[in-house]
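One chain, chain A, appears in both complexes that follow, with chain B as partner in the first and chain C in the second.
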Partner chain A sequence: MSLATNSRREFLKTGSLAMLAAVLAPHMVMAEEADVKAAIEKLYAGKSMASGKIKLDLPQIAENGLVVPVGIEIESPMTDGDYVKAVHIFADGNPLPGVISYKFTPDCGKASASARMRLARTQNIVAVAEMSNGSLFTAKQEVKVTIGGCGG
Partner chain B sequence: MSDVKAPVPRVRVPANAKAGELIEIKTLISHVMESGQRRDSGGNVIPRHILNKFTAAFNGKTVFEAEWHPAISANPYQSFFYKAKESGEFVFKWTDDKGAVFEAKSKLTVA
Partner chain C sequence: MISRREFLQATAAASAIVTAGGLGPLGRVAAQQKLSQAEILRFDPLGKLTIVHVTDIHAQLMPLYFREPDINLGVGDDRGRPPHLTGQAFRDYFKIASGSAEDYALTHSDFVALAKNYGRMGGMDRIATVINAIRSERGADNVLLLDGGDTWQGSWTTLQTKGQDMVDVMSALKVDAMTSHWEFTLGAERVKEIADKAPFAFLAQNIRSVEWQEPVFKARQTYERGGAKVAVIGQAFPRTPIANPRWMIADWEFGIRENELIKEVADARAEGADIVVLLSHNGFDVDRKLASRVKGIDVILTAHTHDAMPGVLKVGDAILVATGSHGKFVSRIDLDVRDKKVAGFRYKLLPIFSDAIAPDAAMKAMIEKIRAPYAQDLSRELARTESLLYRRGNFNGTYDDLICNAMLKERDAEIALSPGFRWGGTLVPGDAITFESLSNATAMTYPNCYRMEMSGKQLRDILEDVADNIFHPDPYFQGGGDMVRVGGMGYAIDVSKPVNQRISNMTLLKTGQPIDPARNYVVAGWASVNEGTQGPPIWEVVQKHLADVKTVRLEPNASVKVSGA
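Our next item is the complex of A and B:
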């Protein structure tokens, strides 16, 4: 009798653990910090990056991960001799690290742009800006996601 | 299926500007932006189909470009700035994974 109860308990315990694991297990492979680093490395291998100049405009908490505003502004005079050439934005908790890449020109007058992205879960947004003289700047900010925009 | 419909671009550009004035350009285009990460009810991956590139040119010269990844939301919005110099025409182009190009134009008069 006690043996039966025990094995039933055991069965329930392992059963519920398995169920919990199934719920918790990610249903797709997510990008990690290392993937973002690799993507940046692919673009700017071995180059040093400074902080500053980048202002990320992101919500602290995104209720809906399907539509998260992502704005960026880079401090620059935007003249022919000194302007922001390119900006890359990455996310370290999505299935793929890339979000968006911009190419600016001095004609923009201001290195600023906004779009809307999907975020699968709470994660960091990483931006890299490449100036016309080749110098690089980077910034990182976390966005907390209430309902992920995984769409799985 | 929503992606059978042709994407409809919408662009907001001021009609007039002063020389040297910074104007904000806002664009929106209807598109499902299928990420290639989703599965249908049968468990098959729904193939990726997104608009992967947006370009803005003024009087034939490219002034701004955006490369979009599958993380970009459906019906993608894009805004950016332009410093008005002379009167002319903007041409905005969106390119999808199959190479189809969708276009919108707007005129700007600089006083």
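Our next item is the complex of A and C:
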């Protein structure tokens, strides 16, 4: 069987197959940094945010953009007088900026949680923590979503 | 980030060590035409403990030619620093004489002429001789033999036996522990099967089950050697599911996992380890960064990037060793361990000159037995080459050009893509291109040569993505390997730019026209990481091409213009 005669048929079969994973639908509109800012503004209009307290646990490079592990842990007591009230996670390169929101009570004992999210492309993940006294903290990390590699 | 001060210290330390040890006085010996086994083995012993490191053998049972890169760019903090030196810069840094045995073993310079002088390197029977000699000199109880991985891939015999030939050879060598990368392309089930049964430990602290985040392999093992408790932690290639088919290891997650490593080091110390060794497949630049962030590791045995250095680099208290690839070298490091610390050490990169080192008889017989069923296939002559055929280098190699030409012609494509692997031997002008040589450059478990249409934009995205994988200024974002090889298309690359700004002037060579982002091009390639890729194995495509051309003549490829280095 010659390769030349076989190639057209194989070509038709493989034509629809993406060589490398995670090629996006061409017309999908993605969120931008401004959309994340707007979403935060909607929750906490005009309030200032400090860095610190939030430990974001994210891979630097996603092994699979479809299920990217995300973990948060907030350094804080969890007493009636001083606790973490809520944590929100945003992504600035997905169709919608919101990923997940957690509400905590002092009974939680610890403000930590983890989940899996889908990331459409390389983008920043932003976490905002709201403390019981109303103060806000934020953290940001970029996660690289690669279309494939040639390691070796 | 490594500070300027650290850099200067490291440089000074490396230079000092090179002067004291390095390859030893081989240059002088070679000049006197006395490249002897005794000279290669000569070592002024220190302390009681010896660690022997081999890595990235890529299943090369037999001696071969392997030309080191003529371009090996470092970026960010690693720019212009060892191991990112080639040719004269490498000789200057490591104080190597031009035309010497070290020069032949460690650089690309004048390769064809020096290959004739110094011959092939490697061969597991020669490596067996060297290891046996070290064990008999030091006492077997004082020697720890560690394999950095990429051992069960890269030859026809290992592909046909699903890695068994190398498992048997490494078991016979009495390897104590290994870690891994290409092994995983045999599939999760096969790797588990071998790891469970092998007489050596298969260590990887950085692999977890996707579902429960439970360790898949043992993270570390402690050995009592030379009167010391030596904890060895395994670090598999962190980017395996990105660089290689994830579907083959779908239930496992990798990553560098620095926090888990910090805990392993602490646990090892708490359990009484005198010293901690990281048996790593991270790649050199990743390990250099890691050494500046994870404290308490005494020795890092690096791998993956195939760098060979005739001296170690110190980052803080950690000693970084780079042993090269394809069985060309064996590293020996003697350690004087006192009060749970390395009080002193002595290092030598032993070059395995196959004509100087006598093969170990038992290992030679074992290799012959392994190869016998495939002997006819392996020796089959496909064509002859009048050009130097090599692969290693950041952008192109003539062996890859040959593979790309074969794909363009046999698959009737406008553009060919060939992965930037760093494995595969070298042929010198006049050599026969045997099936063995071709399989050394192609033998792997996802060899299908696809043919499909890609838009100009998709092609650009691929080049940008792969370039970012090599030239990201933060080593933790680098995946190793070299730039994807391209046939039928030229481009320019500025390695100093950020992602999506490095590639420009993409040109279809056939017409001289710029690549149109909106137009579709017929592209052939191989080693796709996607499941179900169709097409003949790449070695069949190249074989057919070689049967047509009979003699290979390849001019150096000038279609990639590099800047920003």
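Rule of thumb we're sticking to: the second predicted complex is superposed on the first by the 120 of 152 C-alpha atoms of A that agree within 3 Å, B and C clash if a C-alpha of one lies under 4 Å from a C-alpha of the other, contacts with A are read in each partner's own complex, and residues count from 1 in each chain.
Heads up, the rule we're going with is that a contact is a pair of C-beta atoms (placed from the backbone, for glycine too) under 8 Å apart; a residue touches a chain by one contact, two chains touch by 3 or more.
Source: prediction; values computed, not measured.
Trainee: Going by the contact rule set out at the top, does A:Phe137 touch chain B (first), chain C (second), both, or neither?
Mentor: neither
Trainee: Identify the partner contact of A:Tyr83: answer first if only chain B is touched, second if only chain C is, both if each is, neither if none is.
Mentor: neither
Trainee: For A:Arg118 in the superposed arrangement: first (chain B), second (chain C), both or neither?
Mentor: first
Trainee: Which partner does A:Ile61 contact after superposing on A: first (chain B), second (chain C), both, neither?
Mentor: second
Trainee: Between chain B (first) and chain C (second), which, if any, makes contact with A:Ile147: first, second, both or neither?
Mentor: Second partner only, chain C.
Trainee: May I ask you to decide whether A:Phe104 touches chain B, chain C, both, or neither, giving the answer as first, second, both or neither?
Mentor: After superposition on chain A, A:Phe104 lies in contact with chain B alone.
Trainee: Overlap the chain B and chain C contact sets on chain A and report the shared residues.
Mentor: Dual-contact residues (chain A): 67, 149-152.
Trainee: Which residues, counting only chain C, touch chain A once they are in their complex?
Mentor: Residues 181-182, 210, 237, 239-244, 246, 253-256, 410-412, 419-423, 450-454, 458, 461-462, 465-466, 468-469, 476-477, 479-482, 484, 499, 522-523, 525, 527-530, 532-536, 540-541, 544.
Trainee: Which residues, counting only chain B, touch chain A once they are in their complex?
Mentor: By the definition above, chain B touches chain A via 22, 35, 37-39, 58, 61-74, 76-83, 85.
Trainee: In their shared complex, at which residues does chain A touch chain C?
Mentor: Chain A reaches chain C through residues 3-4, 7, 10-11, 13-15, 17-21, 23, 59-61, 63-64, 67, 69, 122, 144, 146-152.
Trainee: In the complex of these two chains, what residues of chain A are touching chain B?
Mentor: Residues of chain A touching chain B: 28, 66-68, 78, 91, 94-96, 98-105, 107-110, 112-119, 149-152.
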